[in-house]
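Heads up, the next two complexes both have chain A, just with different partners, chain B and then chain C.
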Partner chain A sequence: MLRASLRQISAALKEGQITPTELCQRCLALVRSTQFLNAYITVAEETALKQAEESEKRYQRGQPLGELDGIPIAVKDNFNTAGIETTCASNMLKGYISPYNATVVQKLLDQGAVLLGKTNLDEFAMGSGSTDGVFGPVRNPWSYSRQYKEKSIPRSDSEPENSNWVIAGGSSGGSAAAVSAFTCFAALGSDTGGSTRNPAAHCGVVGLKPTYGLISRHGLIPLVNSMDVPGILTRCVDDAAVVLGITTTYIFVCSMSLFRRLSQSKLNSIYPIYIFLFFSVSCHVSGSLAGHDPKDSTTVQDIFQPFALPTLTDVSKLSIGIPKEYHVPGLSSEILAVWSKAADLFKNAGAKVVEVSLPHTHYSIVCYHVLCTAEVASNMARFDGLEYGHRSDMSKSTESMYAATRREGFSDVVRGRILSGNYFLLKQNYEDYFVKAQKVRRLIANDFVKVFGSGIDILLTPITLSDAIPYVEFIKEDNRTRSTQDDILTQAANMAGLPAVNVPTALSERGLPIGLQFIGRSFQEKQLLTVAKWFEKQVQFPMIQLEEVKKHDDGVLQHQKSASFS
Partner chain B sequence: MTPRNRFRWRVMRVLALCRWLRGGTVRALRLGAAAASSAPPSQDSVTVEVLDHLERLALVDFRDAEGVERLREAVRFAERLREVNTEGIEPLDSVLEDRCLYLREDDVTEGNCTAELLKNAREKVEEYFVAPPGNIPLPELEERDTFLKGS
Partner chain C sequence: MFSCQHSGFLCTTDHLNKVILAPWVPVVGLEIHAQITSNSKLFSGSQVQFAAPPNSLVSFFDASLPGTLPVLNRRCVEAAVMTGLALNCTINKKSLFDRKHYFYADLPAGYQITQQRVPIAVNGSLSYSLCIDNKMSQMVTKTVRIKQIQLEQDSGKSLHDDARSQTLVDLNRAGVGLMEVVMEPDMCCGEEAAAAVRELQLILQTLGSSQAIMAEGQLRVDANVSVHHPGEPYGVRTEVKNINSIRFLTKAVDYEIQRQIKELENGGTVVNETRAFDSKLGCTVPMRDKEGKQDYRFMPEPNLPPLILYDAKSLPANVNHQQVVNIDWIHERLPDLPSVKRAKLVELYGILPEHSFTLVNEDGLMEFFEDVVKRTQMKPKKVIGWILSDLLSHLKQHSLTANESPISSFLLADLLNLLENGDISSSAAKQVFEELWKGEGKTPLEIVKEKQLELIQDQEELEQICQAVIDEREKEVMAIKEGNKKVINKLIGLVRKATRGRANPLLVKQILEKKLSE
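Presenting the complex of A and B:
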């Protein structure tokens, strides 16, 4: 049952096959027994059980709040959650209990979701392996899967059995591992340069990065204000669409602002009609993550049409673009083969597959590096120990107290980025680096506009350079080098603000997941997810075989069979 | 012009003016360095003075030689941006630049949560956050406890 998809478990809850409390307890038990994965920083057992009990009462009354009612979810530890410690895996925020819920967290709780806990990440979401947080690295559940163990080179008896584990990817590695190990049915991550899609690819789950401005960032501790988005990690594309939202609350909000504006205008005659519409429409309030939030002025005010994800049968009208610059040096031959096979799959199904060019791709990682560090330098300035977080005992002056606090609270990675960012923002460097990077960003965004303007619907690209590598290999290079290597294929979508999704495609020779990325047009999540869903159905990615889950699971709802793609 | 469009026009003009002023200020400061700026600075620009200046601005320290090397690597990596021709291209601040910023009514809708906000502060007195004395600059390089001392 724990291996079911969100939709299936929601149906099971409605039919009474399982109660929310029982489901919550099973998930919590699995969290405890998979503690070696280090996916969770805080497990909110009491509050989760309370939420599950309330959900159960609603189901008994026959009034569930929606598809997410009673579903256990996990949230990355850089989202503020009221009453639960929010640390961003940093010493700076250890012990910080947030006084409010992030908007996306509040929306999920309003839908009845059960918050199991906060997941592990790289410190302040800086990294591509989930290895640099103060609570330790996250282990990829696939390291313990039968598929990986079968393909591993047998080790000698003297070596400990668990030294060959692979990284979960980052920086939302904890969220991806939590979903992948079946401890929860959906998780929130954040995506600044690929931080949702990278771990999703390594852990074999679906990772959706929505369009910038679609989902509120209020409550998400910011890294790069112009590129951050909350990301959604689920087991299948359908679930991601459910979490993103079917009906929306924005209609309600738009009504309020329109109503106010109308009352100031002279169109008194349409008042009665308007009031009627207002009440009839506001009855559809059934939340979603997407939609304008008055607390986040970078969310758009567009009215979005609610959508149920259609099942695509005919792809002949689709035009898929294959950007040739994404064939970067360092891309493993396995991933290249999977990418080509996917392109052929679309071609054989009748879609138009075209090679396109995004000429500034080679510079996008450099541009990202400069803009990211510059914005980080600004965003990390809020941590001075005065109002929240760690505070040093030094009290000679405010400046020395701030310096001591930040010296004690931040790790090398964070400090390195802050200092680089400040360097690029120095008066003598501002034009040469920061403004230049902003100009290059426009060139990159224009590349995408040109490609989508020429009739391409979706871009298909690889997402990682290789499958997940062992932790002992990963730590041989420093965080900055790793980030520049691993973010190379994912950050362009963040620079242009476009939606992108990782779909697990096949298993590598070592038995680890390989994913492919689809990039869509701005605010066209429906089209993006429709194509992704079709692709997911074609490739039939195998389910992870984990011993721990078998112990906690009786009555499995199988939803995927083998017939692997590779 | 509707009030909204007028506002937007005004904002765009102010932003353009700021950008022009900023460009002007930087040009003025680089009076003597105009010739030098075209050549890639790399190692030469990361001097001890610059490192000290960065430590003061950022209020974080370099900790060790690795920290300094990390900065040098970052700068070297960023040099590649010079290869791109950005003649006549405007900088991109936000991907949502074509849209109007949402402005809400100037009404107080929330607040009165002093107790909650003070909960997370370590040092407070009644309803005040307590800070050490201000207006005291960070000690000079020689007196500070920093790796850069003696470089």
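Presenting the complex of A and C:
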């Protein structure tokens, strides 16, 4: 039952095959038995059961709120959740209980979703392995799959089996692992440089990064405001569409005109897309994660129109672009093979498959480094120990208290980014770094505009350089090096604000998931997901075989907490 | 009242071209923060209110809780556009928000959202007038250029408790909308700075964009002051802060000019520093330096897209009008600005421009004047004399505004009617005025009756009094008869004395002349 897709379980709930409470209890049991994965930082058992109970009453009355009613979900621990600890996997926010729900969280709860808990991540989402948070690394559920075990050769006989486990990817590794291990049916991640798509690829789940501005960031603790997007992790493309709220609900009317404006604009603004500030008039589209949030001025203002995600049968009218710059050094031959096989798949089905060029792609890493650290330096300035979060005992002066608080509260990774960001923002450096990086960002975004303007509908690219590597290997390089390597194939979409999705495609020789990325036009989530759904159906990605999950019950980690509404 | 001439330095402006060689040219520029009058803050829904209980008006955003985002208040934008238009600025159709970083206890986010790169309004000007002698009879009009107006957040307030060595933070003010008006260094003394600020204050109050009460911190003025020799580049400037009234602004600027001149003439140097005005000592003192030069590490505010304003031409057709700000719409609805009001007063009532200046500049005085004019047959030109020399001087003596006057416009009008009808003499009217000022609730007529101040209407009685005076003053009578006509005034005075001012001087003169020519 737990392996079902969101839509299947939703149907089961509707038909009374299972009650929300039973479903919630089963999920919680699985969360407990897979604690060793360290996917969750906080399990909100009490409130989840309460929510399930309420959902059950609605079903009994025959008035469920919709497809999400009674469905257990998980949320990355950088989204604010009222009454449930929000830590960002940082000492700075350990014990911090937010007084409000992020808009996305509120929308899910309003739809009757049951929030099981908060998932693990790299501290403040800075990382690509989910290995750099104060609650320890997330383990990839595939490490414990039959597929991996059968194919992976133990490194040596003397090494315990335990050290072979592979990383989940990051920074939304906890969310990806939670969905992959069947503990929940959907999870929210965040995606700034690939943080949803990368762990989705490694954990064999669908990871959608919507267009910048489509989903409210209100309540998402920011990494890079101008690139952050809430991400959606699900077992299949249809589920992602459900969560995005487009199967039964809405999508944009004006997206094409927006897109045209984008290609004409010569803005030197910080946004990848053409966003203007409008004053809010209250308009609320319920039942959808997407849409304008009066609390987030960077969400789009256009009106939604109902439509359903169709099942595509004919791809012959599609034009698929294969950007040659994504053939990067370090790309494993295995991934390359999967990628070209996928291209062939489209070609054989009649689609036009064209090699395209996004010439500025390789500048994206260095450009991202400047823009990211600058915003990090700024965003982290609020953590001074005064209003909330960790406060040092140091009381010599306000300044010394600030310094001690930030030294104690932030990891080296976070402090390193703050330091470089402040350097780039210094008056004498601003033009040379920040302004140049913004210009480069525009060039990167324009690459996409040109390609899409030439008639390409969707870009097909790899998403990771290789399959997931063992934790012991991963930590041989520092966070910065890893982020630089791992973000290379995902970052450009954030630079340009474009929607992109990971679709699990095949298993590697070692029995680990390989995913591919589809990148669509701004606000063309419908088209993007329709193509992804077609592709998903063709590749028939195998389900993870986790029968032996219970064997690992003893590897319990220490940081699990329970939370309750006060 | 106003003067540009001070011991020690001299303005080298045109109206003072009787120039004595000026050894120093003072230069004064101003940065003015005006709190926007609005129900809610610049980027959050918290209420704006003066003197509310500490931390009672703080939203999650104001306290910079992680994950909160700014949402721009349309009213604040409109207030800034209005102010920009009133100050003849170019309104930028696209303006941007920036973050200005510094760590301070009352700045919860660690940065202030402001408009450093492209502010909402630029390149304006403000005309202001001031009198160049103490009698208020010679006025000059000057212009100061407005560099820009930017929207920004106010900070919270820190209260330092030295005894317990702790700092208390009140975030009620954090995030309240401010307009920073930057005036170019076009002024040269405290009086000019004060006159410019007063004019700005009047404009803001007329527009309703700010209450602009300095004592409540709704208008905060920082002065940049430097001095140099004519023909040489500007000197090193200091910034004077902590000025909380217009009177102190004059004092602070003039003190600072004097201090710099003295410093330089004694062979010292002026350091680029921030100084605070100490109103008790009447001087400026260096403020504790913020550990060297600050680098504010400005960057674009990523959570606020560019602010686009429209005019009638550029307004998109399919847009909800509540979602945009239309500059032309605001322009058409601007109220009469103080300069227009003054011109209208001069034209309508035939009063002197400098009188209109005083009427508009003194709180509530114009309304008071107009109320009196409406209720009396006396010509406005005469009424203005009573308003300015009698009422205003009394108000000033007691530090009152026209609205707080113990004599209402109604009572003053009654009094002036008695005078105009010839019921009382003007000297009697002054007596009645003094009685009214006591605020005992009597009407002018009651006072006149009580004090027997009515003019003596009885011709016979007056003739008798006149005759008595003539009889007593043989010497003066002789002088008049010898042709020294002026001496008659002395006799008139004596008659007035004898009647305790109850005689109509014209009538007395007639009688006396008649009697003396007999």
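Going forward, the second predicted complex is superposed on the first by the 501 of 566 C-alpha atoms of A that agree within 3 Å, B and C clash if a C-alpha of one lies under 4 Å from a C-alpha of the other, contacts with A are read in each partner's own complex, and residues count from 1 in each chain.
Here, a residue touches a chain if its C-beta (ideal position, glycine included) is under 8 Å from a C-beta of that chain, and two chains touch if they have at least 3 such contacts.
None of these values were measured; they are calculated from a predicted model.
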Three-chain arrangement built on chain A, chain B and chain C clash or fit: clash
Which of chain B and chain C A:336 touches, first, second, both or neither: neither
Touching partner for A:399 - first (chain B), second (chain C), both, neither: both
Of chain C and chain B, partner touching more chain A residues: B
First (chain B), second (chain C), both or neither touched by A:382: second
Partner chain in contact with A:374 - chain B first, chain C second, else both or neither: second
Chain B versus chain C as contact partner of A:300, first or second or both or neither: first
Partner chain in contact with A:472 - chain B first, chain C second, else both or neither: neither
First (chain B), second (chain C), both or neither touched by A:218: second
First (chain B), second (chain C), both or neither touched by A:439: first
Touched partner set for A:426, first chain B, second chain C, both or neither: both
Chain C clash site on chain B (candidates 3-11, 21-29, 39-47 or 57-65): 3-11
Common interface positions of chain A, toward chain B and toward chain C: 99, 226, 294, 297-298, 301, 377, 384, 386-388, 398-399, 402, 422, 426-427, 430
Parts of chain A lying in touch with chain B, wherever the complex brings them together: 96-97, 99, 212-213, 226, 260, 292, 294, 297-301, 360, 363, 366-367, 369-370, 373, 377, 384-389, 391, 394-403, 406-407, 410, 412, 415-416, 418-420, 422-424, 426-433, 435-443, 445, 478, 480-481, 484, 496-497, 522
Sites on chain B touched by chain A in the complex: 22-23, 25-26, 29-30, 33, 37, 45-46, 50, 53-55, 57-63, 66-67, 70-71, 73-75, 77-78, 80-84, 86, 89-96, 99, 101-105, 113, 116-117, 119-123, 129, 131-134, 136-139
Touch list for chain A against partner chain C, complex: 79-80, 86, 88, 93, 98-100, 102, 217-222, 224-226, 267, 269-271, 275-281, 294-298, 301, 374-375, 377-378, 380-384, 386-388, 398-399, 402, 422, 425-427, 430, 434
Complex contacts: residues of chain C adjacent to chain A: 60, 63-72, 74, 77, 96, 99, 101, 103, 105, 108-111, 167, 169, 295, 297-300, 302-308, 320, 322-325
